[in-house]
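Two complexes are shown next, each including chain A; its partner changes from chain B in the first to chain C in the second.
Up next is the complex of A and B:
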């Protein structure tokens, strides 16, 4: 009798677990299907397509073109240059701002805290358009500076314009990530370090940076990919040549209608970001494991 | 004056200077558009408009394709928000509360949407959509809008569901509430702030999406940002400024309404594990 009831109970829990598994999978699968259709399949497909050549066979000619064509090579180098400069400036400014907000009090800090995220919600086209009007030839800034006799250098339709627009988009987001990481550092750690007389620089290198470097790397990933994959700002602000990769692949796809070549440029941009992308997924997975 | 600055101290002066640069850098472009939108005549090199007025507002609101782009944008944003709530909230609940095979793999698969540069991903999608006939269709545009929101629409509510204490759910079960009743009157209300923030973010994201729509929605699906692309090149800058304000207005209204719910911590949980 006893054995029967335990078996019954065991059978029941097993079936409950199965039910939960089925339910869980059923709840997750629709969103995974969208992910499959909009991310996973397109990436495989563009990889295969980028390997086809004009005569219908498979080789690396589409990739060879990226390095042999002078214009394309110029675009790639230009993109890397803009990305590197933007990443450095964004991280420098955002880290300083996040630390400033974390360890200072007062009405000014409150004001920044309340407002710094606003640019995150402003449509990219609008911000770009505002920057064009503000910084352009005969724009508002040049009119203001003219009053005191200063002439503004060429910013719009130039590398400087693209970098400035990227700063505008990326600084608030990066600051948001970093300040959320810094708020997780207990004040007691910082206070006790200060009590034993640790200097500001040591405080940063020995406490603040190690406690937030993971988010720092996530931030690097987002800025790097954000700039390489950007379109709106370079499309509206950039010069005709050299172009950022995002603009160049849109042109190859929509204007020249060379889908295979566009797929190759897209996949090449994935390769450029692959190390950081893999790192991002891996570090998130490790974090989750620690929690369980 | 000099005495005053000395009294304030060098640190304060540097702080003040940096903050001014910041304010001009971030607010400048937006203030400029605001001034432009209400200027009727503003010739170089005047620092302020010679004549203020609403001329360009009537001009913009009289253009049919501009007005129709507004309703199209809101239609698409609503569709994207509803669809992603229907698809992602159950998934978020499953990730937070149920045990099922390959759970971690599914949870992390959403990170893929952030692991590739956006324009490269859009071009790959356009290549696929071209093959299966989704170019220039409503479904194609809605799908491309969903890529950006899939991750935080799943992760922010997952974090919100996880933060609901199991003890509260269990005590409700103990007094005889059905699982559905527990979900409706305990779990869902407590997770609501996270879900609301994610939904607002989704709506705004779809409203602002330009690059993907530009690639797969042309020529029939001209949303507001796409119309903005052509306004920038075809119309005087005051017309563009007016349309910019119309495009930014929903953002401001929704943000002010949800001000208390939006914080760095909630938003950050949509992009990384915390």
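Up next is the complex of A and C:
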């Protein structure tokens, strides 16, 4: 919004320009205030809190604990692992669905198009209970498989359950993002590529992927942040150890009542996300520069 | 025969489509598919390129059936209406891509790209990206990209329709020149009859999914095969007359009955074949009143209201027009016409 109003502000006289930029600032101010109160100040407070040690002084002992404690280190690695696997699977499935819907027609495509967004409308808690009922020890799936004499291996209450739940939560939105990116690629671009003699794989790696790369980055960012900070599903169907960072933070906060340590975990998660955020913003900036 | 289309048909769910399409194109010919939007010309072109699967019929290129092949395996190349270039690649990469796939050496690719850019008069544009080019330049690069593949048949789907009139004229001339130089066989789709008349070796006029006439531009203009072609190409006056043995009578006018028609006849008369005379008492003329005189540069269009036949338009030289006033009585004679039986007119 800021950029737009400053661009508009290129008026004739200085006073008009000043007036315009004042207006621009006034329009940005409310949203900035909300950002300040709900995000920036709490982060800062958590950071300060996370620096306080047991004896009331300030040091990095809370962070040292994150990496020295065996359980905690396991939690961090577990979280990164689940996040990475989920990101890859979500992108694989969503890209496949989006490409299938973009380049095919017929009843199957219509069915996918009509149904793929349904998970977005089901609250997370309910979906997670659904998964427990479906995949649990004596859930529908195991009962159905019992009939033909197959024993269902343990799916939920470990890594697999969390990943499956996160797939359910993330695939619809990611597919929607990628679908819209693919439909923005003109048919003549794809057809002219085929015309030149490009095969299917090259078509994807040299045309479809580069032309939807920006949206791909947005999707990766969304899925990464969503999964790394996910709570409901890991809390309900995760194992006791290792835990996702969100669950671990909750436990440290309410069960162990160690607010400072919880703040350190929170700040660390924030750092993990900001790494990806920085990468995303940087590549967007490069693209903008290319345009100019 | 470079390209043969045999009994091609394709119906869409909406009921539109083409049927009974038979086309034979010689090597080095530039043939235009001409017709209004929705007549099926693009359907025919896309079927040749492999982007559409026809319901029945066959397509042969250099004597070999290509109907089973996907676009990437056909010896054709297509220039699309718009969004032709790959926006994420430079001009050089756009041109080189097809050659890279064909495993040509770097030096060979560089030489071919240079030559192609020279041919479309864009030398030195290698490093630009499509967004930096004007519409005309983009279409020229697209043309160059297709030329580089040295296709057996080059397909052009209204490639200049998004350009302004002046540029369109220039591009036409350039395309014709390139075609002369390379001797490529080209199929060009357009809805612009002027473009078709000026470019083509032969024109295929299409209407409602059928071919109305295949002929050279001059023949299409002078001897339209159907009332539809007569009305679609150029300006035309339509008058109703009666066939009377060897003559077709339009009021007091009698013209030769070339096609041996019988009964009522629709006479199609070009405005340049209508003569105006100031005196009205001469034998063998129709009488009418000048309604309007429109100057169109080196000639003028005169609208005359005939007592028996309604409005008729005539192209006249500037000299003749200077003596004409709106409301003036004139004698109208016709030097040439094409007759069509009236029933055909109803069917259309």
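Assume the second predicted complex is superposed on the first by the 246 of 292 C-alpha atoms of A that agree within 3 Å, B and C clash if a C-alpha of one lies under 4 Å from a C-alpha of the other, contacts with A are read in each partner's own complex, and residues count from 1 in each chain.
Just so we're on the same page, contacts are C-beta pairs under 8 Å (C-beta built on N, C-alpha and C of every residue); 3 or more make two chains touch, one makes a residue touch a chain.
It should be emphasised that the depicted structure is a prediction, and the values quoted were computed from it without experimental measurement.
Undergrad: Tell me the contact category for A:91 with respect to chain B and chain C: first, second, both or neither.
TA: In the superposed model, A:91 contacts neither chain B nor chain C.
Undergrad: Looking at the overlay, does A:108 come into contact with chain B only (first), chain C only (second), both, or neither?
TA: first
Undergrad: Contacts for A:144 in the overlay, against chain B (first) and chain C (second): which applies, first, second, both or neither?
TA: First partner only, chain B.
Undergrad: Going by the contact rule set out at the top, does A:66 touch chain B (first), chain C (second), both, or neither?
TA: Neither partner.
Undergrad: Which holds for A:156: it touches chain B only (first), chain C only (second), both, or neither?
TA: It touches nothing on chain B or chain C.
Undergrad: Tell me the contact category for A:211 with respect to chain B and chain C: first, second, both or neither.
TA: In the superposition, A:211 contacts chain C only.
Undergrad: For A:186, using the defined touch cut-off, is the partner it touches chain B, chain C, both, or neither? Pick first, second, both or neither.
TA: A:186: touches chain C, not chain B.
Undergrad: More residues of chain A are touched by which chain, chain B or chain C?
TA: B
Undergrad: Between chain B (first) and chain C (second), which, if any, makes contact with A:237: first, second, both or neither?
TA: Once the two structures are laid over each other on A, A:237 reaches no partner at all.
Undergrad: Can you give me the overlap between the chain B contact set and the chain C contact set on chain A?
TA: None.
Undergrad: Under the definition above, what is the set of chain C residues touching chain A in their complex?
TA: Contact set of chain C toward chain A: 49, 51, 70-73, 76-78, 80-84, 86-88, 97-98, 101-102, 142, 145-146, 149.
Undergrad: For chain A, which residues are in contact with chain C within the complex?
TA: 186, 188-189, 191-199, 202, 206-207, 210-211
Undergrad: State the interface residues of chain A toward chain B in the complex, per the touch definition above.
TA: Interface residues on the chain A side: 17, 20-25, 27-28, 30-32, 34-35, 37-43, 45-46, 49, 108, 112, 116-127, 129-134, 138-141, 143-144, 146-147, 167-168, 172, 176-177, 179-181, 183-184, 215, 218, 221-222, 225-226, 228-232, 235-236, 245-246, 249-250, 253-254, 259, 262-263, 265-267, 269-270, 272-273, 277-278, 280-281, 284-285, 287-288, 291.
Undergrad: Give the list of chain B residues in touch with chain A in this complex.
TA: Those residues of chain B that touch chain A are 15, 19, 22, 25-26, 28-30, 32-33, 35-36, 44-47, 86-88, 90-91, 93-95, 98-101, 103-104, 106-128, 130-131, 143-144, 146-147, 150, 154, 204, 207-208, 210-211, 214-215, 218, 225, 228-229, 232, 237, 240-241, 244, 247-248, 251, 255, 262, 264-265, 267-268, 271-274.
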